[in-house]
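So that we are looking at the same thing, I have put the structure below in structure tokens.
Chains: A, B and C, in written order; residue numbering restarts at 1 for each.
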């Protein structure tokens, strides 16, 4: 009868070398390029953290952990924003590339969230004498960590991988909508507490040198995030293609 | 425009494909059925026959292609879905509800007028009226399938899809099903029957199809098929396509 | 045992057309029906779930038993020196959260027996209507459990509610509406995974943080007799949460059911 073979949907086909459709070569170029820039920015940031920024008056040397803590938090939440946008896009368009970006961002996001949850208590132990305090932003980050965990559990536990991606995308969208509400509720909750504890690792005054160092650190972390995310994205796309080739009829 | 005079085919599939990731269950099926046609689809396990039926009735969305019922896309039009009924080897009934309650639920879902009357008539026609208040959990397999048949036909569908309906039926229920299938050939209703059973499948067919690996490898009028040699022909076709 | 209706007894094997022919001989074809309106579909689904629950009472029994046992555990666990009054709201909502999550998985498991969900999906039902029907039934069932939990805790811990009971009812209803919206959505998701119901608390609890915070605070305030004006802001936040998530969950639900 017919001799034409139907092809898998876009995103699952190996288009071949030189094709403009989803070429991974450009991804790799960008990833390496951003990685180099990130490395340079990290070096600059390290120099500034240890030699340029002044030692903070009340907290001393330990305050410098702030230059890791705040950029990590920024990156963690930015990552989740990317997860949310790509999840919404995936639910709408069903393009597996959007899902690949989402899972890459999520994996990095959970790493940076963990860094926030480690550096926060480290700082808190010195500053307040307690390992954990229910400070609003730290609490929000903790809940974000759990949402990330749920994201990965859903992906892995579904009956078929396609559904797993869709379920995780739903959690991404619902989680993103919930985050502002959680933020409001946690803020309100702590404001009811007699002595609200506010995390001000940057110290009482915002010395320009501190702000500059912070911005450079932020840049370094953001570049690092995007570089690693692109590497991970490339890996995810290769895995999808390998799976497709393995499954294709001979 | 009334259903009988509609120029649109009763069921039409154009380029229907269903992919689960990189794997295909249905890889390109095109056909159209006129009102009143009775098509039997044969095929080995894993050929995608169940998936095709699920796509035809709108329960599963195809990756590519479209299915129209009476000219309207089944995925988008509620009116199209109202014209279809599916009888599967799964009954789609709630074991915890009674026979009458199950039918009443479906009548409500479809928004059928004169609900009570229809449910009664349906129960009578499949011989379950005296068990109407008993929970489906207490029914035998044959009785459950009879009730499922009532559920399928309750909203008076013009297109009826049957997915291996004889599976697990006792002779009484099987005989009833055969009678029902004969009566469905009234020139108005279109039937697609999927079955393993070659002799049962050929009985009422107007058109005989063999589906293998997600494609229709043969599609012939019944008259062109010789019942005696069909089994060998079928086996050959399956072997050639795999 | 029901008796046959009056009239000639039909033979057991009857014509298929008889199913859709009324007693006066008119054919009742699909084309003549206009289809059920949205609210009627919501009610059909809710009614069916409630009917199933009233019959078997399995979810109600398991949730209620669990809740009472948790109250007992709290009685053992809470140090007698602690004034139970100061943590009454907290204990109640912790119990409700876990008991409610427990029953959620079962709601969707029912649809998987005999693949009933496929049958429902065949009908021209709006996905949103299916979601809202299930949500409504879940809401009714969990509210019934809560109607038991509050008195039981009041009894065990000698909690006399001094505040307005109407306001308390408002808190309970608003909190449960949001709880059930997320619970119904993720219950459907969890039902289609290998881990099933065990995944549900992991998914739900972080997302329900706002509900827990505002419901506990409001309940505690009403317990100790603070005026209704003190809980208005919490009621508003719960209401906002409910509106947002009823909308979002209904909209997103179609993506859960697709194969």
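Operating definition for what follows: a residue touches a chain if its C-beta (ideal position, glycine included) is under 8 Å from a C-beta of that chain, and two chains touch if they have at least 3 such contacts.
Quantities reported herein were computed from a predicted structural model and do not represent experimental measurements.
Viewed as a contact network, the protein chains are fully connected, with every chain touching every other.
Taking the mean of all protein Cα atoms as the centre, the chain whose own Cα mean lies nearest is C.
Just to note, of A-C and A-B, the chains joined by more C-beta pairs in contact are A-C. Taking the mean of the C-alpha atoms as each chain's centre, chain A and chain C sit 34 Å apart. Averaging C-alpha coordinates per chain places the centre of chain A 49 Å away from that of chain B. Shared interface positions of chain C, defined as residues touching 2 or more other chains, are 258. On chain A, the positions that touch chain B within their shared complex are 1-2, 4-6, 8-9, 12, 160-162, 240, 243-244, 247-248. Listed in rising order, the residues of chain C touching chain A in the complex are 182, 185, 189, 192-195, 199, 202-203, 205-207, 209-210, 213-214, 217, 233, 237, 240-241, 244-245, 248-249, 252, 255-256, 258. Listing the residues of chain B that touch chain A in their complex gives 17, 19-24, 27-28, 63-64, 215-218.
Against chain C, in their complex, chain A makes its touches with residues 91, 143, 146-147, 149-150, 153-154, 157-159, 163-164, 166-167, 169-171, 173-175, 177-178, 181-182, 184-186, 188-189, 192.
By the touch criterion stated above, chain C contacts chain B in their complex at residues 1-5, 10-23, 27-37, 40-41, 43-45, 47-48, 51-52, 55-56, 110, 113-116, 118-125, 258-259.
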